[in-house]
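Both complexes below contain chain A, partnered by chain B and then by chain C.
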Partner chain A sequence: MNSTYAKLANPYRIWLYVLVFIPMIALVALGFTNLTSSISFNSLSFTLENFDMFGEKSILVGFRNSFTFASITTLVAFVIGYLTAYLVYRSNFNNKFGIMTLVILPMWSNLILRIDALANIMSENNILTSLIGFSPFSNINGTPLAVIIGMVFTYVPFMILPIYTALEKIDNSLIEASADLGKTPFQTFLHVVFPLSLKGVVTGSIMVFLPTFSGFAIPKILSKGRIVFIGNIIETKFNYTIFNDGALLASTILFLIFGAIVLLRRFDKEGETLL
Partner chain B sequence: MTNFPKAQIEDYGFKHRAYLKPLLKWAGIVFFVVMMLMLYLPIIIIAIQSVNSSVITTRFSSFTLKWYLNIFNERELLSAIKNTLTVSFIATTLATILGTFFAIGIFHLPKNKRSGLMFLNNMPILNPDIVTGFSLMIMFRFVMELINLIIRLFNPGASISIFGLPTLVLAHLFFTFPYVVLSVVPKLKELDANLVDAAADLGLKPMKALIYVVVPAIKAGIFSGMLLALTMSIDDFVISFFNTGAGFDNLSIWIYGVLGRRNLTPSVYAFSTLLTLVIMVGLIGSQFINKKGKTNK
Partner chain C sequence: MEKKPLIQLVNLVKTYDNENVVNGINLTIYENEFVTLLGPSGCGKTTTLRMLGGFVTPDSGVIAIEGKDFSEIPAFARPINTVFQRYALFPHLNVINNVAFGLHHRPLSFLTEFYKRRIEKVSPDGSLLQNKRLLKKTIDDFILKDAKEMLALVKLSGYDTRKIDQLSGGQQQRVALARALINRPKILLLDEPLAALDLKLRQNMQYELKEMQRNLGITFIFVTHDQEEAMTMSDRIVVMRNGNIEQLGTPKSIYNEPVNQYVAHFIGETNIFDGEITAKQEVTFLNTKFKFIGYEGFKVGTKVDVVIRPEDWDVVPAEKASIEGQVTFSLFKGVHNELVVRAEDHDILVNDYEYFEVGSKIGLKVDPYEIHLMGKENE
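The block that comes next holds the complex of A and B.
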């Protein structure tokens, strides 16, 4: 009986092998070749010259920017995301699911358009000053702060959702037991609730860190091109069809995420808490 | 009987912090409202810009609805919208149907095989978009080169480009499948295992039982998977950016391309606002129907 249904997984296994492994191998391999603009088999030769790139200052600055900004964004998103999730979890709303829908709803409208709207109200003369006379973020367009604000409020729903899911799963009798054993509410939170929600925090942090680390649209629009992320460099290489350099940089990012996946596997054996 | 002093709970280190409670509550409410405002700020700004009669986005001139009518005159915008919807529709439909069957297959695998496949399944979600996009682009280019090699055997000088709709749909399928699988598998876990056996006892063949018994039982999971797939597909920028061909722009790519060069037509804001309104009405409506269904029971 079971084996009849298990066969249904076979096409998906093939699909995953083809589209997960082959492109990745191609990506890593391309970084070691001389193929640039056109990918053809005629003039293929292997080289390590591409690695010279890592001596260039612009590349190192790109990695440094990506890492610093992604870390700060993840940290800020964790603090405000945890607070939001916790507030909804402790609140006595009848329809908590509805509140969570409200949190996701902004993600339905176009990302680039939302970032552009943020960039608009971050400039000196903007639509809010012209309409109501003041704007909370006027005149920070092009600064690191603008990039961080933009990234935090774009990706914080990815932090709120997993944390909220983890919090909802906590058995209420554990909290009662902790109170019975004489813990104050704050101690209960610190020793019972928070450790149990850590799974959600890890998932959320990864979901925030990865897109901010590798993104290129938000820094480009909100810093007016002044702050260059590693993603921007890859985008430039792609636009000028320097595929081997782009592939080498992309595979470097790929190796960085292995750390993240190992982390996730330690907390989550089945790999099903992503949602 | 001596009168011993009665111990108060304060003697045990208890501190009355009840006065803090309303304070914390209000701080929480203020924080939550500010948070929601910040999440909705870009959408509010887009809505304001959509009714601004001036093309310049930094100044509000006067209220107008002409940009809403103007959507149908913007050819580039219309074609971008059409491309986005075409790709998302094909990808979401295929991902929902096939993904459901894949999820059922994965669920019935032995445990060790299942966790291995789930790990692979999560790869597209965990992989940064830029890596997925770039690596798929390279693979598609290799495939295109191979196809062209074969074509040139028969017709020297000819070549075709597969970049555009086909590559975009494949790329979107690649990152929407995992979301469908991830939403369906937990529902399968909740499913009573006897259900399928009962169907078999009543004479249904396994594949028929799947369609008539299992699928209806997990339809909530299928629906949320479809919704997630659609969300991810419609709003995707990075992966599409690398895998699209010349002239086949989806909405995000088109906006990103226009941004640096000239002013966006306010009709884009109008379209986005309309979309947000439709989704809001749909969500509120579905909540309303849900409530009504519950009270009827």
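The block that comes next holds the complex of A and C.
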């Protein structure tokens, strides 16, 4: 690489060191200290006591909730997302890219706003009642169903796009070859199309699973605080300035994300389906 | 021996954007024949092949295989397999699973029928048919054995677990061939399968394909734009232009007796002159009278195209020559010399074993039976 061009990367490199790497190392380190309410180097000491937290019931429930809801969301998003991506892929639309833009259109508005709007529709006396006189989901706010609807609604585009990209990459001659070798359209889907789109499914699943697992805004708003995710616990810890516990939990999630990326690289070495 | 018609195409038409890509083709193909559809790109040869394979639905016409109309039957139910232009191997499967794909995931009843004879051999009393699990295992063994045999046939033994992207173009082509042949199709379609290979490999494959077709008793329908390839392998060649069949015949007859200028030019370098029949068995071109043999149908005074292949000209001393000319171009091509001779205001292509320098005067002669005439109305 030409060294002059390499220098062009310096601004970003500095940005990365100062605002990503150093804070991240600090975060991980913080989890192994006794620092709680105030951060000062005078009283700093190393400790593993924070790990006791993983025996607490509330933390375990937080992890369990995060895991259960993230899994269900991923599964539902997979079913809806695969169907959508497959229908667009098989359709005769001239502008499939346009359809995909529509898919990501909701992401152009703020996440919290969208979730607040959903919460409104899911509670009594909502905007639908005033507009059309009735509301089909008027009393699900605060239930697990509301959380799942909210999370699927938010993250399903992250499932659709990589699956669609993977499907689009399948050479049509492979489908013809499968038919030529005696496979019905359904068998072709099962033995050719689906295996070849698996990369997209893995990418999409990780892209849905991770933010739902670590997220805290959606469960907080849509369950009215009744369902606590691990993200909510981290938020609370930091709000109450219990920095070391919060940092340790956050590091745990970082570690999980890192593991997921390693897994992803095994399926999609070239990162083709990552947009 | 009476040949049995296997495929009949009757008035086959395919239209894209109001343009007839295939324009009412009629063609009969016999059992165990090697037929080549030959023509430049856009002549409708690939579309015809794809209609046979079931990937394109004809707008009208009949595709009959052994007398049964297959026009409406989807690709997966036809007794046809295809070797695609770019092979279309499944990237998620290894070599052996690619080869066996046509027999995998089939219903047990289909496979029992497919391996009927071998099952009878293994269990003559039919007891195997009662034991579903053992039957399935036996058939799976047959499939694996067949797949290995096919790989051996295409000289790829031991490549079973290789990934497709670890194979060279020639090897992929062989896998594609094995994958098609394992199904024991009656008809094998080949869509320019050799186009991506280098010359040496292509010549080897041409020879091997021809051998396989003879030994396996399968009808091969081959599409190419390479006239040499068509000449080497085919029993019959179908020369196509603009969705029509221009000429249908053995390689020899098409080479020696093209029906019109288009076929004559397409099938190889040649000389075509304007001529006129000036007497019984005599044609005049290049201001010279030539005797010819055959073509009783042409009346005196008819304008004709005269075709003389470059290798049919003989270079002779002036006193024996029909015409004389000056060499304007001379190129050594290994086996022969390629000459351009200027005579009577025409450039004549001549191939000869002897070398002549540019500028030298030579005499040319052609034997009566090497003069080929084409009616002008054939265009």
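Definition applied: the second predicted complex is superposed on the first by the 247 of 275 C-alpha atoms of A that agree within 3 Å, B and C clash if a C-alpha of one lies under 4 Å from a C-alpha of the other, contacts with A are read in each partner's own complex, and residues count from 1 in each chain.
In the analysis below, contacts are C-beta pairs under 8 Å (C-beta built on N, C-alpha and C of every residue); 3 or more make two chains touch, one makes a residue touch a chain.
Values in this document were obtained by computation on a predicted structure and should not be read as measured data.
By the touch criterion stated above, A:201 is placed in contact with neither chain B nor chain C. In the superposition on chain A, A:228 contacts neither chain B nor chain C. Look at A:243: by the touch rule set out above, it reaches chain B but stays clear of chain C. Using the contact criterion defined above for the overlaid structures, shared-chain residue A:163 touches neither chain B nor chain C, since it reaches no partner. In the superposition on chain A, contact is made by A:126 with chain B only, not with chain C.
Touching more residues of chain A than its counterpart among chain B and chain C is B.
Within the superposed three-chain model, A:151 lies out of touch with both chain B and chain C [touch as defined at top]. Within the superposed three-chain model, A:84 lies in touch with chain B and out of touch with chain C [touch as defined at top]. In the superposition on chain A, contact of A:8 is made with chain B only, not with chain C. The contact surfaces that chain B and chain C form on chain A in the two complexes do not overlap at any residue.
Chain A contributes residues 1-13, 15-17, 19-20, 22-24, 26-27, 30, 39-41, 80, 83-84, 87-88, 91, 95, 98, 101-118, 120-121, 123, 125-128, 130-131, 153, 156-157, 206, 210-211, 213-217, 221, 231, 234-235, 238, 243, 246-247, 250-251, 253-254, 257, 260-261, 264-265, 269-272, 274-275 to its touches with chain B in the complex. On chain A, the positions that touch chain C within their shared complex are 171, 173-174, 176-185, 187, 190-192, 195-196, 198. Considering their complex, residues 53-55, 74-77, 80-82, 84-86, 88-92, 101-102, 104-106, 179-180, 183 of chain C touch chain A. Against chain A, the residues of chain B that register as touching in their complex are 28, 31-32, 35-36, 38-43, 45-46, 48-49, 52, 57-60, 98, 101-102, 104-110, 115, 117-132, 134-139, 141-142, 145, 149, 170, 174, 177, 179, 181-183, 185-186, 196-197, 200, 206-207, 210, 228, 231, 234-235, 237-238, 241-242, 251-252, 255-256, 259, 264, 268-269, 272, 275-276, 279-280, 283, 287.
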